[in-house]
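Input: structures, listed below.
In what follows, chain A forms one complex with chain B and a second complex with chain C.
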Partner chain A sequence: MSGEGPVGNGPILSVDHLTVTAKGKTLLDDISLDFASNSLTAVVGPSGCGKTTLVRSLNRMTELTPGLRVKGAVNYLGQNIYDRSVNPVLVRRRIGMVFQRPTVFPNSIYENAAFGLRLVHEEEGKIDIAVRHALTRAGLWDEVKDDLERPALSLSGGQQQRLCIARALAVRPRVLLLDEPTSALDPGSTQRLEETMEHLKEEMVLVLVTHNVGQAARVSDRVAFLHTGHLVEMGETEEILERPKDPLTQQFITGRFP
Partner chain B sequence: MHPVAEVVLDASAPPSEPGGRQPLPSPSSPRNGGSPSAPGSLLAWLRYTALVPALIPAGIIVAIVWTITYASRLTSLPGFFSFNWAPTSSWGIGVFVVGSFMTAVPALFFSMLVGLGLAVASTTYLPRLAASLLDPFVDLLAGIPSVIYGIWGYVVIGPYFGLTLNPWLSAHLQFLPWFHATKAAPINTLGLGLPLAIFVLTLMALPITTLLIRDSLRAVPRELWESGLALGATRWEVLRRVAFPYSRRGIMSAAFLGFGRAFGETVAVAMLIGSTAQIPPSFYGTGYTMAAAMFELIDSAYTSAQWLSVLTEMAIVLLAISLLVNVAGRRLVISLSTTEVAGV
Partner chain C sequence: MAAAGALVAELPPADVLIDRSARTRFRLGFDRAMSWLTPLLFLVAIVPILDMVYYISRKVVPTLTWNIITSTNPYQTDALGVPLQTTFYLIGLSTALAVAFGLLGGIATAELLPERWANVARTSANLLVGTPSIIIGYLGYLAFVLYFGWGLVFLSGAVTLSFFMTPYVFRTADLAFSSIPRHIREAALGNGAAPSQYILRVGLPIAFPQILTGVFLAMAIGIGETAPLVITMEPGVLVPSNVFSPAIVLTEVIWENFTSGEPLLVLKAFQAAFLLLVIVLALNVIVRVISARYQKRLEGLYQ
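Here is the complex of A and B:
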């Protein structure tokens, strides 16, 4: 993982014939797709279709689940992250992740945001700047700037989730994976988080898993529709939501799904 | 009523107000087993029975302290709070108190160290199969009677300490005065003394510390682990920066309970410490602990009023220190938990 700029005009992140199996069961079946730069791709589909499995395989989090086997390639800047020579720790510094529930660490707001920078022994001054920048981009700065030493667990759920985004942003990833980040939040917090995502997508690749078609319509540029481990179709958000080609997609977006 | 039907009814009941306090169940509520016609006063009275579990240990402690204090008041003991143990003229228990700490503190230190290592290995690094083989093995140590540790230490480990380990340590730790055996403070070939007692106490405290640390590390949510790893941390970094802080209360509890175990242990220490009423002249020397002294000197209890007093008062000191450490430990653990949620 050396080069930083995009290689040629290729996408920053692409998936090439990805198949994931667990004990003989196929969770993802031969998926190929590109994630365009400076845009937000929504991954939608019914529960259990493999959305989480797909985003977890994009930064090798799949390795943390015993028994999962990954075949095919995930290319980041032209390099397959599953190559033997690639260190997963470095992959995850470039391809960040936010989970369904807020997962703040049991220390202060500041230390949460600084976590990834402390790992690389960044200078204190630079950490201060990066923490502020990340909290601002995550839309949390104004609410917490007066007391960054507060325990992060004392924040509301929505604030905690934005702190998790700030924590992921502080290490300046090129890609941010969000797995149903609003599913545990109230409508107000959800709206704030959606605004945050709209800002972020201007400077990085965002992949958002959502079961909410409305959310995909509001924030995404492109939609990938998964069903039972297959990529049914993918395209511009308007195209997919208004003129789906596949009857399965049509059923899903109109809410007529089992 | 059929149990399933009851559950279904409960599920359909309106949820209690969010944020509101849980209303006390009314005396006639079928849920706590009373019939609607039962008199409320009886049920109110019955509620106090919930205090019984709390009263039992409190009562036991009060009874023990009171009776021991009574027994110890029989006579006065010259030099009780001194280091001079020369019965009938001076009854200083200082050497026993120091001996108890000199064995329990290092044993606790080592068993915390090894316990952390075992717990981390089993929860974080070892493959599942290996962990499932290691865990019951450690837990099994807790089921071995003290006297077995004692006899094993005396017969098997002692001679090794006396002939090999202690001379080796003494030769290599020459630069540390007290850790260097001299003619005045020689190594005994049986190996009896501090190192042997500490070693066996470490093993005896190990299952407690390992088990508690392991459980508190297991309680770290999987998502926290994954978040740390997703930020590009190694397993060690997540352990150090997330899992340990998250489980620090459990780790502290492990230390306090482990201390209690090592501090009060009697039979094994009595068999291995060398039973000499002195502060060990060197690390390899023999000594005594309060627990071992009470155990071994109990035969003298009825030879004179002073003997009876000194043994019972030693018991009070041992009990007081144990309870004090326990209470202090609880306080510390509670204070850690309140700082964690401060500001809520």
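Here is the complex of A and C:
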């Protein structure tokens, strides 16, 4: 299969009977869901329900944790990324990830944003353009454009997190996974990041893990509610947040969760 | 509300914050004793070293001439040019080997090997560090001098010495890579770096200052070694012209001459010791300067 257009009308990313276990413990239990194109799906649920495990299994980051076993399929453009012939490095170049804490590398702002492009030996001229584009889309360009050679570690936490988003965006992934990207940020930075996500979702698949129902309501189109490794309910954000079918979901969104 | 009033009335005095238990008092006393003992122990350690440095320097400095240090003329019996240069070459080759194997092994252990094999590698390195140098020297003699048939030459000494230095490089490389914050590693791999790209582009620059310190430590230790070299090399008169020449290093000059009873030869031993001290001191200063410069870039990484 070549080219990267969606296969027929199928989704860019879908999960098919995904089960993740660790030493006999089931972290995710038979999960199936589609992530719609050009939209943001929020994954919500109480602490320890498997949100991080779910997004990490979407680009084979689960492999970096010894002892985790994955069954089932994650299909990217119709290709199961867990097939033996698939190279996880290439998967992660198409399905980017942003973590809970900012994770900039100890070099310049420019080099951080250019990281993924250097990995594929992109031409210098194209890197310049892509870095500028990515920093702009991440909402950081105006703040850093005068000194791209500054050490990235000298930025504020919120700026560092936006730099991490720029780093992920620079390689033009079709999917971006965000695991509680605002949980370490102040309200101002959080708001900026939410605005950035709203722009980004017009052109890619965004998966946002959040424990904050308000944030899901503000930025997401669809919500998936997880509980103890089960997908309890998934649907349009309005549907799920205003008329949840499952009592567990109801308890969670009204904040009456243990 | 009445209950609240009662609670306030029953509140104990502020000294509930002060802990007078025997255990706490012992701990505080212990802390205080230690804060006095530490500088004292430091003195106990530093005084003999300073005394030795002073003793050697006083004896040697007035007798040193540029010619003694640089002359490689085999007929000038009081010259140290030959062992000095040979020491640099020998340490150079041993360090190159130790860095090659220690770095590869340490990085593989931290990044690539499954935990079980990594622990086997770590234990072996620790064993090697704990092995007396005379035994490593003897094994080197059996392996390189006899089995490989190289003879009592420069190469046998250099390779034997590198076995001695490798575990120090290995351990710092392993430790430096293992202590890189996990989220940095995950960010690199999660953004599409292959493991080798992570190691070269992200890991090495972060681990560099620590590894450098290990390499210089290994050099300083290697420079001070005598036993394995005495067994594996025949003392040379000249700076070795190739790796299969006989060779003599500074520590061997000390070893050969110190107990000779001949005042001129004893002085030669002292001069060699002085040069070793200067070299080791210089190594320490260099490593500090370089790693401080690199360390500065890492500020904020390990919040």
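The definition used in the following text is that the second predicted complex is superposed on the first by the 256 of 258 C-alpha atoms of A that agree within 3 Å, B and C clash if a C-alpha of one lies under 4 Å from a C-alpha of the other, contacts with A are read in each partner's own complex, and residues count from 1 in each chain.
As a working rule, contacts are C-beta pairs under 8 Å (C-beta built on N, C-alpha and C of every residue); 3 or more make two chains touch, one makes a residue touch a chain.
Treat the numbers as computed from the prediction; the structure is a model and nothing was measured.
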item: Side-by-side fit of chain B and chain C on chain A, or clash; value: clash
item: Which of chain B and chain C A:Leu40 touches, first, second, both or neither; value: neither
item: Which of chain B and chain C A:Ala168 touches, first, second, both or neither; value: both
item: First, second, both or neither for A:Met61, with chain B first and chain C second; value: both
item: First (chain B), second (chain C), both or neither touched by A:Pro106; value: both
item: Which of chain B and chain C A:Gly116 touches, first, second, both or neither; value: both
item: Partner chain in contact with A:Arg150 - chain B first, chain C second, else both or neither; value: first
item: Which superposed partner A:Leu248 touches (first chain B, second chain C, both, neither); value: neither
item: Doubly contacted residues of chain A, that is, touched by chain B and again by chain C; value: 59, 61, 64, 66, 89-90, 92-93, 96-97, 99, 101, 103, 105-107, 115-116, 118-119, 151, 153-154, 164, 167-168, 171
item: Chain A-touching residues of chain B, taken from the complex the two chains share; value: 128, 221, 223-234, 237, 241-242, 245-246, 339-344
item: Of chain C, residues touching chain A in the complex; value: 115, 183-194, 197, 201-202, 205-206, 297-301
item: Of chain A, residues touching chain B in the complex; value: 59, 61, 64, 66, 89-90, 92-93, 96-97, 99, 101, 103, 105-107, 115-116, 118-119, 150-151, 153-154, 164, 167-168, 171
item: Touch list for chain A against partner chain C, complex; value: 59, 61, 64, 66, 89-90, 92-93, 96-97, 99, 101, 103, 105-107, 115-116, 118-120, 151, 153-154, 164, 167-168, 171
